[in-house]
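One structure, pasted below without further comment.
Chain nomenclature is as follows: A, B, C and D, assigned in order of appearance, with residue numbering initiated at 1 for each chain independently.
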């Protein structure tokens, strides 16, 4: 493949990491959702690009799923949830943004070190993709643990998934990518539904020790 | 697939019956159907003993999984029998609306399906999908009671499990990437038998990263510390049959997945030995769980912690490696799932009869309900590794073979075992002896499942059938 | 023929100890009285007492058990046998190899065991006091005795009394620290065992420091006689033990001529007299100590004997 | 009836063992397909196991016979009957086991069954507590032995004893095994400071089971030690003997001192078991030391002494426990302060118990004296040892041995005097009556054993000869041929003892004296109230109690052995309340070893417990950090 395709792939993958950072930086839920939609868009683009350059049509399905499901449906649903729960004025970073960002940069460096070293024998495109994917995954996880708000945690999880899809798409000729992405979408959908149904207020962990005493068996 | 389509059946039956059960509302009918379906599944699984189909791109039956397939079938059957009587009681006291019933049985069958799929899958991607399905179904069942704690537990399980699943997927992708340069693109890159053949040529460093992710991912579902957090609450808050299946089967399936990949690494010379990592995590889980046992007040949560402890022992055994330790690990997996599910059967009935799960409120079972009480006693004795029961055999092998090579680790292991035994027996005495506490409900328990399990465990403690030994020894040899 | 003669010698020894025991007791009493400036009872007084007691009827407490009646004879027999095993004037007696020094100690110990039981049988407070104190004393005296036996046995390479005496006669002994320690310890033990001053006072009644008398308080008549007899036999035994181990001169070896036997017997009498004199002198010169000082006294004995044994254990290897 | 069957079986076991022992045939071995698959379960009967089999069968036979009568009074027989045969089977199988797996399996079965028997009376709190402590300690010992076997069998798992022997012949640093075996077997046998469970568990069980636990099970532990240390692992180093000697001496003294302080009859017996185990280990330690320097005959003497004492102890301790059981079942009291005067109510039991007391106090001509005499003789041989440490240690331990023998005598004077003599202290003791005849037969059987082993010890010593030969390669000179059945450990010039002659001698002279007096002097008897120095008091409370009996000894040793504290509460003149004295005793092993460990476990549990109460986010961060740490490690590693 020529330099151009490589550059585009590189650009899109890097865009994913960038959006992850932006998400990490956001402290407003609505903005967060918008950025997430953007990330989903970028993801679908890069997956489509991979489909084109790999000549693997089934990847287009994955791209489509990403586009429709994550770029539109989920964000909208989350918007409504936020509206229902009335938590849109939420500023809820557990740790300050500065440390978080620094840590995120450290994570990206780590993933670069690990991945670029181990995949020495592989073609550059796959190396880039897998490295970026790992950093996206790690950033998503970082987001999950630095935000105490249910919605933003869901978003974090979904960005983890984005990273995975990127990796799967980047792994050349990998089978079952569609099935996997579908399965994952089901997972995400369930999470969102759960947030919606069970009215998880603001965070998964409204736990005072009293609750756990009940859990400890004094129930009934 | 040549000969008797065992694999197809053992996947098709649960899938179909899941669909059917989702539609039947009558309780008796659905319970019976449930039992029947699991029974047929068991039959088809047993048929695999006699003619193993040749491995194809999707399915594979070999010495490693045959035992677990049959075991899954068996425990699923006994658990369905148990849940028939258990759920009946839940319906009576109204913790269960009939609406949930369809859901419950359908999910049960779906769980069986996904576990069987994960076991027979010859394709690491397929295995991943199956385990994710298993996670989803169990999550839904754990949350079934709709109480605040149940939802709490279900969420915890769900979130942690999903993250674990994500890791596992990443690891799977990495494995594929490692395989691609050797076996070429496309489907072969995920077929386990092919990978196992060619693995020696893979890029070891990539395999290492992959194994880290797989260990963390599937290890979350195994419940190794520090990834264990979901396990106790999920066991304690869900319906007891689910706790039994969780401890008895799902942990095994996840561990089985880890083993598959350990086999790969073992076959690759350049890869870092996964042994020390697993041994360390196992030892950590064992000691941690052993101490956590002391402060438990909920009986089901306590036994959940003991599951963590035993998963730790098993992981330690595989981590130590060597034919003896690996054999012991496999044996321990089998014994533990039998014993622990038996214990949960007993505990389920007990908590129904006594109307509580608080350890402090249950006393003198051997007086008030001799069969349940002594069943519990035998179970706990077995689980704390006392003879003449199967767990003793495996612990004997683990400790003795470990001490010869790593005296310090073995000493730690022994200390952990002792601490755990102290906690379990302490609680057991409170539960089983002394003056009995009053009942709130008559016990219409079905003792057959518990007794059959314990019978098998006792038998295995004294005599192991040669074919079993042959399979285990073969696999143990492969595990290196 | 030879066996007959050995038997005769053995029998003679048994009769001699039987005959001499009360005499020794009386002798010591007399000497003590004299040293205290009193007239004192005649030497043969103990014989009279024994005879008088035997004639009298035995008064038993209401709830005295059969054990209470059997014990005096057992104690007497045990002590008698023990004292018969200690060479008095002749070594190598025919039965001497049936029990060595350890066994002799154990025989005396069993005597004490049963006396203590007798003390508790009637269930009076005095009996209990006596038994418990006796037991306490014994727990220190017996180990000391065993240690002394160790010392001697290591020197002589035997626990057989005859062999011991024979070794002591031989020039191989030399002068040894351990022996001196052992001798002192042995004397202390002997004093304690026989309930002499300063450990106990055989002459007192109804004094809260009494030990031996308190145990046998309930005895009367022939039973009392047996016990008393056993006590004096024990005294004789210890004196002759010390004599045969530390001043073995004059002991005849087996199969000697009758004249030698006679000579040896005379030597033995001399030793007894000397021992009794020293005992009386000692008893009159010091005062009775409190019961709870006794452990210190005996502890000292134990330490001395242990020291002697240790020295020996170490020096043997040089 | 279960017990009858057990009786028959143990009788058979006894016969088999004796036939094997006397007719010194070659070791018989059976391999069954059970147990570990690729090894199978080995069962092996050689001289050593035959001896211990005989020992176990003897006391279990007696206990079963006793239980035939005594079992009727069991309140919840369904909690005793099922486990009793299992317990017996476990003990026999341990002795017969021929490979590590079978050995440990039967070992644990033995422990579990006895633990279930301890908890048979599970409604009393302290029984359940005792059962718990016992269970934990038993598992501790089993796991320690497991480690030992792990070391011996090696990573490839050659568990059969033969292959272990082959391996250890060349292995190095076998000292580890010695230490592990000492801890493992010792904690089961009740070696200080691991003895703490024993005085809790043994009294709690039904009496015939207590008899078995003290009489047989502790001996099985001794068997384990002997089997491992003398048979399986290679030649000993000099310090092995030193360790074992020291442990034995300490155990003997501590055990008997604690026994003296008890006023619960069965607990007193249990502590005295600890003492006798100490004596056995002293002898074994000597044997090890001698063997380390190749002094064959001396080692044989010491070993024989130890094993003989094991046998004797099982005989008279079973007897004593059975007697205590009879007392307990007839008066309902284990506390001596509530007994007394039973010699009038239950004369046969009293007599048999007296025999037991005399035997355990090492009084000639009974069997206890013989074995302790042999042990002392063995100590007297220790100057031959070149090592200085042992030279100094041996006589010191000898002093301890003598001390504990004397203390044991005092202890049993107290036990017998307070329980059987004097005046009854409660109404229950007042109305007690003789126990059933099965129990009496069982006890008299054991008493006869003590007596015979006392007057013809040569039989038993010769029976032990093949054991000694197989273990230390030498044996004591044959005894049975000697004139007058004397026993001569080394040479007649050194030392000899003739129980039979002493017995005849004493008996003859006693009878002679009695008959002479009755013939020539008076034999009249008059009954009168007790004299008691002029002021008798009819209230039995004025008798010496167990506590007051042991008070002088407590004064002498107590302050530093068990930090005894006495608080006297003396009312002022004119006050009517009784004066009372309270004594508190500590078992230092408990205070300094067990309590801290228990506290530590609790503290760690409390410290970890909050991990149950974290939030999901925090759990996630755990996962996250695990991942990051591993990845970093990998990045650095590769």
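Throughout what follows, a residue touches a chain if its C-beta (ideal position, glycine included) is under 8 Å from a C-beta of that chain, and two chains touch if they have at least 3 such contacts.
All values reported here derive from a predicted model rather than from experimental measurement.
Q: What is the set of chains touching both subunit A and subunit C?
A: D
Q: Can you tell me the least number of steps between subunit A and subunit D, where a step is a move to a chain it touches?
A: Each step joins two touching chains, and the minimum needed here is 1.
Q: Quick one: most central chain, C-alpha centroids?
A: So the chain sitting closest to the middle is D.
Q: On a CA-centroid basis, which chain has its centre farthest from subunit B's?
A: Chain centre farthest from subunit B's centre: C.
Q: Between C-D and A-B, name the chain pair that shares the greater number of C-beta pairs in contact.
A: Taking the two pairs in turn, the one with more contacts turns out to be C-D.
Q: Indicate the whole-number Å distance between the mean C-alpha point of subunit C and the mean C-alpha point of subunit D.
A: 34
Q: Using mean CA coordinates as chain centres, what's the gap between subunit A and subunit B in Å?
A: Chain centroid spacing, subunit A to subunit B, equals 30 Å.
Q: Determine the centre-to-centre distance between subunit B and subunit C, using the mean Cα coordinates as centres, and give it in whole Å.
A: 78
Q: Give, as an integer number of Å, the spacing between the C-alpha centres of subunit D and subunit B.
A: Taking the average C-alpha coordinate of subunit B and of subunit D, the gap between them is 44 Å.
Q: Which positions in subunit D are in touch with at least two other chains?
A: Each of 612, 616, 620, 623, 627, 631, 634, 638 in subunit D touches at least two other chains.
Q: I need the residues of subunit B touching at least two other chains; which ones are they?
A: 155-156, 159, 163, 205, 208-209 - these are the residues of subunit B that touch more than one other chain.
Q: Taking the top-of-page definition of touch, could you list the pairs of chains it picks out?
A: Final set of chain pairs in contact is A-B, A-D, B-D, C-D.
Q: Applying the document's contact rule, which stretches of subunit B touch subunit D when the two form their complex?
A: 155-156, 159-160, 163-164, 167, 205, 208-209, 212-213, 216, 220, 226-227, 229-230, 232, 272, 277, 288, 291-295, 322, 324, 366, 381, 384, 386-388, 392-393, 396-397, 399-405, 407, 410-411, 414, 417-419, 421-422, 425-426, 429, 433-435, 461-464, 466, 469, 473
Q: Of all residues in subunit A, which touch subunit D in the complex?
A: 94, 107, 110-111, 113-114, 117-118, 138, 141-142, 144-145, 148, 153, 203-205, 207, 209, 212
Q: List the residues on subunit D that touch subunit A in their complex, please.
A: 612-613, 615-618, 620-621, 623-624, 627-628, 631-632, 634-635, 638
Q: Which of the residues in subunit C come into contact with subunit D in the complex?
A: Against subunit D, subunit C makes touches at 54-63, 65-67, 69, 73-74, 76-78, 80-81, 95, 97-100, 102-103, 106-107, 109-110, 112-113, 116-117, 119-129, 131-133, 135-136, 138-143, 145-147, 150, 153-154, 157-160, 163, 205-206, 217-218, 220-222, 225-226, 291-292, 295, 302, 306, 309-310, 312-314, 316-317.
Q: Help me check something: in the complex, which residues belonging to subunit D touch subunit B?
A: On the subunit D side, the touching residues are 33-38, 100-101, 104-105, 108-109, 112, 119, 122-123, 125, 128, 131-132, 135-136, 139-140, 143-144, 146-147, 149-151, 153-157, 159, 176, 601-602, 604-606, 608-609, 611-612, 614, 616, 619-620, 622-623, 626-627, 630-631, 634, 637-638.
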